[in-house]
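What follows is chain A paired twice: with chain B in the first complex and chain C in the second.
Let's turn to the complex of A and B:
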């Protein structure tokens, strides 16, 4: 499945970038690492859209754009619908024979943050997946509304301190569990649903290419470590992502046709969840006597999830 | 359109990243592209930096880890070789230095005003491998 261009990093580095620098994303932001890996995974024409979020406001600051491909600036909730509309128009024009370059098939990709995906744009994404547009939706999951000042979203994990769920004497921060978006999208019967992390670039690029080759709606949930809201030093973005994938807090797997689950990355040494939590400022309060019991709860939950994924993979359910 | 301010910006306007028409951006390297004024390629974020990464060619093994993990397209790689750092777009996050696998590292952070030659002369030297015990 992996094309020759992305077989190794040296070949991959010959790609001509279609995402430009001098955007206003924070130094060390994982969003642009993910966008680059998605855009460089293909040489085809791209038609892109982005829901409101860090990525949209930072890459299209009037009068500048950072996108070297067709890109649509759209509202918070309807990023997926805009791209689905473009895809439907492309199909209609193709049927009528009114395309200028009918031999070149563009790829349709919608980007959205976790706020736009898990909360605000959820109904619209659900609609796109139900109608079965031939598009890819990439969720840049940084587990918080980072653009507006770090409010909790339904992707924020339990125990994290966000600006609307601050930790303190009374509260340990976010009280709800993270929504299982992967299972929800797979339940739509989508042909391909995958969870990726930018630090595992080979795994990520091969999943993106698989998604592009798939006909029908594809959902990609990409972990995007947020240096500002997760509170770690900007140079540690890749190190924190490594901790997340190796501690199985963010397992990398794919679900094909809504049923068949494959785990695509099994860490050689599984590290304790405590190391992942301890590396970030948003979990600092868990390391006090009052809230220490939450770390064990975290570990139990992550272990249970991993066990469940492995069982599902074995059972082919 | 660029002459107008943001408040005269009409809904449905298009910002063009390139001058004239372009058929396939993925086949043209950045140095051969005809960027327009509204492309962010033309502006600089160099003043965001406190420290800058400097590149030592002699230690580089061209693994391209810095290229794939750079969030700002600031590692310039051509023909599978790491060539230089793009100081107009580098924000000085330091990810490239963290992921560099060689010892001593081929990329190191130095203060923004540091002279490149002076930095290269005081680069940490390669330590000789000591014979392993047992």
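Let's turn to the complex of A and C:
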């Protein structure tokens, strides 16, 4: 059944959903695309969790829910631990013979934004991965605290204008480079760590399925283009995502057992980083005489990272 | 299947060991915990039981108390019996999630080994953490010795998991004074203890794959008030009767009697001390000495701190002329919490009792019998005068110049 579902985009986009279209996410929000792609990648039962953030506040406002699978939210920092606790209970009840449907094995998935993942919830995720819970953690990485109005996170890239690091007469906005969460999670020795983008849906589905087939903690960093805070038109979500993956600003790769790195998408035509930055309002101020040097620095940084990824991939061969 | 642990009828256990055995006998499905003095031995003992085949549930050693309670919440929502333990700073770190657990109506049992909260850092017992939890929506049951700890844990599971209640419960004991002081504890066999608690009956369990549930939703001004009111209603209406029922059951089973308000020689008492934790037994000893001198002294121990048994307390104290509350937590700008509760309980009851407040024992400072004698002497003077003869709030056992307020 799952093969038929993921054969082509039409089947995939119309397959039975456990995440309802009835939600409060912004038109053009990539979160809903990613969540559907994750949930539709398996036929197994799902036990889901979310940290406080856009996804949570837009999908479970009493008396409504968008989730047709068990789902839990506690707070901003502990979506990972909530799901880990449920996974521990599953193991306990299985061991004690008290599962209501002992013939079925659910999958455990926690969702969190980059605020919940890179910043406030980092310790909890680290704990869950060190302890080896059999779960998948999916970061919906839109590089900003979008739910609360666009404050910077440690995933916000340098030069982006965010509400707590705005660009201005004497500032180009965010001063820090984006935290390398992929490397940090791989350093936990997690059996599977992967970066995905919803526009590359085949690549994404194959990684999610690989993740579901993996025993132990799986980390997925999913780029989630944010129409509201990145400032682009709602209908351009996939186009912006294409610019991100094809400029290599957001390279798609996986790291297995903390060491073996595979690049999973090589754009036929690599486009300049300038094109990606220029398509978003959050980088608008960089296209001035004062800050234009930052665009060149961006390109140099992206080139260096791509070079590094390729070297690491070669080193594993 | 976990092995049976053969217990003697009477064991010599400290409060921590009593809690560990109660959790083992409850056959808890998931314990997620983070060690902190003085509650650490509860989880260490539990880990040792596990390592030796006496536990068949899951044991998650979390990376912090916040992570531990977060796992407990996820586990409880998944549908099984859950418990943990903490103290002091760990309790403070957990606090955010304590409100989540009660708001999500999850029956988790938390052993709180009471300890001071820094700064200054202090590992010894006072009631700062217990007081910090008093608005969190949990049931709070207080223990005076290791026997209480054992029995109240069994009671806590039974009450907390009742489908009419579905609220988490804290079992409090004094750090070191109870947690590390070995005393005689009368035990139940594993099967009798488990039968007393009963099997866990899941409700809205995430792991019922045919009936998906959403836990931890958002409610704003349209529904938040109704949810909180229903939670309070459950706490106020269902808990005390169920606790009494459990106490009755325990008495029938063991002969040990517990009461929602533990009154001691209060029938004709004119002066009374109201306190919590290990101080209750110390005060009882002093009141015995005073009774031998013909002084009508009594002691009221708070057994159930939340929900606070307003009416029962007022009833026990109705004949008193002077009452002193003992608060073992820095009041930080007002009267002690117990004083406030008592004032609330007694107001509108027609009592003319003089009510005073004593702050004592912060950071593990001993409460001596001599200090309690002094408090009773003040009470006698207050009773005779019909008005306070001392400042309303006094700090007792404090070095340096006398400190008092109001």
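Keep this in mind: the second predicted complex is superposed on the first by the 306 of 317 C-alpha atoms of A that agree within 3 Å, B and C clash if a C-alpha of one lies under 4 Å from a C-alpha of the other, contacts with A are read in each partner's own complex, and residues count from 1 in each chain.
Everything that follows uses one rule, which is that a contact is a pair of C-beta atoms (placed from the backbone, for glycine too) under 8 Å apart; a residue touches a chain by one contact, two chains touch by 3 or more.
In this text the structure is predicted, and so the values were computed from the model without any measurement.
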item: Clash-or-fit label for the pair chain B, chain C on chain A; value: clash
item: Chain B versus chain C as contact partner of A:37, first or second or both or neither; value: first
item: Contacts of A:269 with chain B and chain C, given as first, second, both or neither; value: neither
item: Which superposed partner A:106 touches (first chain B, second chain C, both, neither); value: second
item: First, second, both or neither for A:98, with chain B first and chain C second; value: second
item: Touching partner for A:29 - first (chain B), second (chain C), both, neither; value: first
item: Chain B versus chain C as contact partner of A:126, first or second or both or neither; value: second
item: Partner chain in contact with A:63 - chain B first, chain C second, else both or neither; value: both
item: Stretch in clash, chain C with chain B, out of 186-194, 222-230 or 366-374; value: 222-230
item: Intersection of the chain A residues that touch chain B with those that touch chain C; value: 45, 60-63, 65, 67-69
item: Contact set on chain C toward chain A in their complex; value: 29-30, 32, 56-58, 60-64, 66-67, 70-80, 82, 96-97, 100, 104, 205-210, 212-220, 223, 227
item: Contacting residues of chain B [partner chain A, same complex]; value: 1-2, 6, 9, 15, 17-18, 24-30, 33, 37-45, 48, 62-65, 67-74, 77-80, 86, 88-95, 97-99
item: Chain B-facing residues of chain A, complex; value: 9-33, 36-37, 42-45, 59-69, 198-199, 201, 227, 233-239
item: Touching residues on chain A, where the partner in the complex is chain C; value: 45, 47, 49, 56-57, 60-63, 65, 67-75, 77-78, 81-93, 95-96, 98-101, 104, 106, 123-124, 126-127, 130-131
